[in-house]
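In the two complexes below, chain A is the common chain; its partner is chain B in one and chain C in the other.
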Partner chain A sequence: MSFLVKRLGSAVSLLFGASIIVFLMLSPAFGDIAFNVLGENATPEQAAQLNTELGLDQPLIIQYTQWLLGALTGDLGTSLYSTQTVSAALAARMPVTVALVVLVTLLSGVLGFAIGVAAAIKRGWLDRALQFIATLGDALPAFIVALFLVTLFAIQLGIFPATGYTKFSTDPAAWARSMTLPVLALTVVAVAGVAQQVRSSMIAVLRQDFVRTLRSRGLSETRVVLGHVLRNASTTGLTSLAVQVVGILGGAVVIEQIFALPGLGSLAVQASGRSDVHVVLGTVTAYVVIVVVVNLLVDLAIAWLNPKVRLS
Partner chain B sequence: MRTTRIMSIAAAAAMALALTACGSSGEPAGNADGTAPLLSIGALLEPTSWDPAQANEGHLAPIYQSLYDTLIKREPNGELSPMLATEWTWSDDELDLTLQLRDDVTFTDGASFDAEAVVANIEHFKKANGPMLGNLSAVESAEVADPHTVVLHLSAPDPDLPESLANAGGYMGSPAALADGSIDTAPAGSGPYTLDTSASVAGSTIAFARNDDYWGEQLPYDRVEFQLLADETARLNALTSGQVNFTILNRAASAVQATGSGLNMAEDFTVNWAGVLFFDRDGEIQPEFADPRVRQALSLAIDREALVEVGWEGLGEVTSQVYGPESNAFDEELESAYEYDPARAKELLEQAGATDMTITFPTSSTFEPVLYDAIFQNWKDVGVTVKAEQWGPGEAIPSMMRGEYAVSFFTLAQRSDWGTVKFLLQEGSSWNPLGSTDPELQQLIDAYPAASEEERPQVAREINTWIVENAWFAPLARPGAFNLWDDTVDVEVQTRQAVPSIYNFTPTGD
Partner chain C sequence: MSLITTSVTRARTRGQGATSRLLRNPLGVASAVVLVLIVLGAVAVPFLGLPDPGVADLREALQASSTEHLLGTDSSGRDVLSRLLWGARINLAGAVLALMVAVLIGLPTGLVAGYYGGWFDSVANWFTNLNMALPGIVVLLAVRAVAGPSVWISMAVFGVLLSPSVFRIVRAAVQGVRGELYVDAARVSGLGDARIIGRHVVTVVRAPVIIQSARLASIAIAIQAGLEFLGLSDASVPSWGSMLNEGFRRIFVNPSLVLWPSLGIGLTTMALILLGNAMRDALEDRGSSASVRTGRTERIDAADEGRSSLLSVRDLEVSYGIGDAKNTVVFDVSLDVAPGEVLGLVGESGSGKSQTAFSVLGLLPDGGWISRGSLRFEGMELTTLPPQQRRKLRGAGIAYVPQEPLNNLDPSYRIGYQLTEPLRMAMGMSRQAAKERALDLLARVGIPDPEATFRAYPHEISGGMAQRVLIAGAVAGKPKLLIADEPTTALDVTVQAEVLDLLRDLRTESGMGVLLVTHNFGVVADICDRVAVMQSGRIVETGGVQDILECPSHVYTRTLLDSMLDDSGDVRVYTGPTEGEAS
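Take a look at the complex of A and B:
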């Protein structure tokens, strides 16, 4: 319990710090917002009027305090560019990014563990192939993989849509089609890292004395590997997966742009490009929440797998 | 054994993918009666509000047109024709515009369209501080003459007012929805379509369904979807893979790629002019610019032909004027007024005593870097040093509007005769941030609204000639506006609008 409270406390202070940094970093552009909202045909007088309407002519400290007081009561404000509230924007965007991150994490977790274990046990060609793929996966950014997948599966073969998004509630099959290529693009990159970690950690554990003892007691190889070695080695794999999640979130920003998925990433890019400060702060909050929750889940999983962690 | 297991997982995953893929079904392209179920458009921008007073022109036009009718309609060639107003007449002093209105139009929320509704819309537009407020800047008030006649009173003549009423400024929303503010999020117009909120996804798709009670001729598509694809590659991929039927591309290289894969493109269609804007004609920031010979020299120094080749893959027309061919002010002879002549440019710079000039030039990532490189190299060749400064995202327009630079490169819409004056040439124009003025030019500007309709084209040409001769700008090219579509649709491009109006799409039946 105290562990949870500690985690929440650090998340709140992280959010507070991040919000100040975001505010300060975007503040030099506040003077440009009215011009950008109104576009190239507006006069300076119109821009000045809009600045006042948006409260952008107030001192920075007052603007920030107003936002903070609102945020504390659950009101994250309204986009400076549209009539949409930040909460509504996040509610609409969050499911897309969360689905993307959860699917990629699960898929790269399962595949990463499977490949890592197989490589550690089999060694030989499978291991060498893994090394090669891991290096390639590290070297290839997700957007290059995405462009390759789009060219092959969307443009050449026409199996999956090149862009766009259908809500799960509207048509689950269409939703699955719109998510397949983005999920694959991110998984290809994430899986290599996880598999590498699992492999090294498996090899290290396999060399330990207790494995020899288990084998000498006549336990089947499957029980030794899955029941004992993997359980010991999984902490490293899971930690690596948690680190990958942050990478996946970062990759999702670009992937959402390429596939025109209406997720947090595309919202964050659009909002930060035009200094829509309330929306940027909203997306930062959402990202912090996702990272904290994922890390918490991974910590719980590690604790479940490894009693030593529970004790400490 | 373990390898087999991995293989079977992979096989299962592949099956799952294939199964989801099987779910995709091609929509039938056309119906026997000339209608079609769906038109899908790849759009660049999303409206910020459904309030018609917040509407913008260009890319957003077909989106607003789906929901809101304008008082006057713009045909594809730019001619004006009746829409909600059946006729419009100017008073002799051109300070009153009387509009006769249709009597058979109802808004989607049930409110009737009449003179009261027009007055409510005009008054709301003037108060709402929307992006196109300037369109109705000359309108002082609107008055109900009878239930189906409205009179707009102007503070000064505005020959472009009918055109503005065919654009943002002329969209009519339900007065009830304007009054209670619900129109921001729940559009209520009289247009050919209504917003289908259940099929729309914020930030991804705007879906429209046919307005079965539409007063006018039904448009051929039962549904229209705008896929919001801000990324150029996403738009290109969506079009090439058949996900959207129409889109606009910004980069010439993408357009070449798309036509290479068999898509249709509007030939020689341009809406913008690209060029150098000399904001500082009085020499406040760059003293040398006060001398027209310096501006002329800088214009002559640029090799426009080469620039169109490197910057737009040859897909553009070289020009020296800001007015487009469909305007009255356009003069064929002025097209080559500043043909590439570095020797003459050097001469002029010498005569003006500006042989050792350093220009600070802002650059934007919106444009291909090669365009800037070409201009800077040309200027270097005539002895001018250029110091480039990069604008961050979203900084370009505010920076120019505040008059922070003496000069810049940009692309701007080719406007009508009077629209160009209003936005570029008057002392208070938004694109004249340092307030340049000249008695001779002012005289011509004043003469335009005062002239008779027959005389105006001549005055417009004189204005054009004056700004070309005095090199207020160095227009370089009219780059192609890359409207692209597939074989299922026939598209008529819309003069002076980046994308076609919603009325300009017809199914081919393919």
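Take a look at the complex of A and C:
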């Protein structure tokens, strides 16, 4: 229980810290938002007026407090370019990104664990082949993989749509088709890191003394490996999966753009391009919330698997 | 074990330096060549006489490869090759900028945090965690919103975001050497902290930082290209990402426009990662997986005469690796254990006694194998027994008590589960029967509250308790032979005596034979009937305990005994019958 409280505490502090830093970064000290919005030919008066409208002429601490109080009640401000509230925009975009990230995380988790365990046990050529493929996946940015997939499956073979998004509620089959290539591109990259981690921690656990003792008791190799070694190695694997989620979210920003998926990423790109501060701040916060929630889930899983973490 | 570990390492290294190992790695060399070519192209492009990368000529749009335009032209009629090479300049420069910022921040803070620790460490850690909660590109999008499309500002900020990974590596490396003797020596000899960090510590972090830099440069190139691809950086500057952006819009018309910048990005990021891995492997000297391979046991013709009915080992030879890398660590070991007998296998660490014990169990570490000899258990030849049958012998026929009690329990499961699992799985007991038997066993080995220990996790009990649990687990299957590998070494002196008493009683009750591995003649005097002395992988002397303690015939045995008696007390702790003769 105290473990859960501690984790929640650190999650909240992370959320605070991130919002403060992003807020500071977005404060006019780093550039003149008004001119970015109004264009370079705007008069200083127009700029000053916009700054007042946006509350940018107030001290930062007040600006931040106002934003935070609003954020806590679900009011993240309004877009500079439309009447849509930031919360409404986020609510519309969030499901696409979350679906993408959850699918990729699950898929790369399952595949990464399977590949990592196989490589650790079989070693030899299988291990070397997996190592090499994992290195490629690790090295290539997701968008390069995505461009390759688009060229192959959408343009050459015409199996999947190159771009466009269909809502799940409209047509589940079309939704699945529109999500396949994006999910695949992100998984290829994420699975590599998970598999590597699982492999090396499996090998490390296999070398531990207690494995020999378990074998000396006459337990079958399957029970020793899957029941004991994997359980002890899974903590590291899950931690690396949590780290991968941050990478998946980052990769999804570009991937959403390539496949024209209306997610958080394309919202952030659009807002960033036209300095729509409130939207930018809102999307960044949404990203941090996703990461924090995922980390919390992973921590819970780790605590469930590892009594030392839970009890200390 | 130390002898074995060093000889195994020696077999792997064979006097090659890190550089030559790197040069022998084909992927590493190929990556280095690719990177050098890309850097050369980027540096030399102004002198190659290529068309201006920015000059558009719509009449020449989307041309195929020609002598004038080697890689053709893009949709504005600009030369693709020229843009590719000028783009390399921008992308490499961006990566270098990010890397410089990351190292400038991460290196000094990591040095300070690693060397001094304390609050600085915790603050820096918090920032690291915070940083890891934010996808880098999302932060850069925010930066772009205020700072405009300058790629240099973006990459400088990205350098800040990368700095924690430099920090972590530097800190870990420094923490690793902080306690080392030569750093202490430098401190004692009056060198200031700054000098110590500068002279002794920086050398340690150099290699890891260079390796990590390759990785970070790869990430930086990917992220910069991503930003450019999103159309968020200055489109007038030729770069790989903006070429991708341009090409992607015409991917149905001319896919090759996407191909070239993709190749540039993919090859560079991949070469950086592969080179980093190759450098790491060369420095850490990760052996190839070849050392895991084992060979076939050479059989011997041993006379049946004089072989014990329980365990009989003849001419055992244990090796690691095969072919050129083969390293033999146990030679011609012959020994016998009779039912109800305790044989002590004595020798200093690295003498091969544990390897002998593991051979009998059939549980040699990776790469180890029995290269020659005969192992017979109850008349059965173990070296030719299929693995499945060998496994069935473990627990019920041959059991094992390890040296370090706390490392030998699975930290993730309760004691009860670990005791009952083999009873249920290997011996087919019901859950209830297994639990009753486990509780009986825990009571038998002298655990005061069996129920509580049954429910406890390994980290909740003491070393002495854990060793009793392990003994309970070992005798649970009513084995005929117990192999105890230094069962008392990790325990307190008082607990040692109790554990030996327990082993002795269990032996008397069940009539099992015991092969007791130890370096301690006190233990031998206390519990053993006979003793075999090992040195450098060979048995040098075998005999009754009394004979060997009273008049050792081999010089090595005498040295061992003398050294025992020199360092006081140990022998007298035990209350065995032969103690008088020993001292």
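Note that the second predicted complex is superposed on the first by the 241 of 312 C-alpha atoms of A that agree within 3 Å, B and C clash if a C-alpha of one lies under 4 Å from a C-alpha of the other, contacts with A are read in each partner's own complex, and residues count from 1 in each chain.
In this text, a residue touches a chain if its C-beta (ideal position, glycine included) is under 8 Å from a C-beta of that chain, and two chains touch if they have at least 3 such contacts.
These figures come from a predicted structure and were not determined experimentally.
When the two structures are aligned on the shared chain, A:249 is found in touch with chain C, with no touch to chain B. By the touch criterion defined above, A:275 lies against chain B and chain C together after alignment on the C-alpha atoms of chain A. Of the two partner chains, chain B is the only one touched by A:176; chain C is not.
Contacts of A:220 after superposition: chain C is touched, whereas chain B is not reached.
Contact with both chain B and chain C is seen for A:258 once the two complexes are overlaid on the shared chain. After overlaying the two complexes on the shared chain, residue contacts for A:150 are found with chain B and with chain C alike. For the contact definition in use here, the residues of chain A common to its chain B contact set and its chain C contact set are 31, 36, 147, 150, 155, 162, 257-258, 273, 275. By the touch criterion stated above, chain C contacts chain A in their complex at residues 126, 129-130, 132-139, 141-148, 218, 222-223, 225-226, 229-232, 244, 248, 251-252, 255, 258, 262, 265-266, 269-270, 272-274, 277, 289, 292, 358, 361, 363, 365-366, 391-396, 398-400, 402-404, 407-414, 421-422, 425-427, 457, 459-460, 470, 473-474, 476-477.
The touching residues of chain A, when paired with chain C in their complex, are 10, 14, 17-18, 21-22, 25-28, 30-31, 33, 36, 123-124, 127-128, 135-136, 138-141, 143-144, 147-148, 150-151, 155, 162, 206-210, 212-221, 223, 227-228, 231-232, 243, 246-247, 249-250, 253-254, 257-258, 268-269, 271-273, 275-277, 280-281, 283-284, 287-288, 291-292, 295, 305-308, 311. Considering their complex, residues 2-3, 5-6, 9, 17-18, 20-21, 23-24, 46-49, 51, 56-57, 129-134, 184-185, 198-199, 201-205, 227-231, 233-235, 237-238, 240-243, 392-395, 397-399, 401-402, 412, 423, 428, 430-431, 433 of chain B touch chain A.
Across the complex, chain B is touched by residues 29, 31-32, 35-44, 46-47, 49-50, 53, 81-84, 88-89, 92-93, 110-111, 114-115, 117-118, 121-122, 126, 147, 150, 154-155, 158-167, 170, 173-174, 176-177, 180, 257-262, 266-267, 270, 273-275 of chain A.
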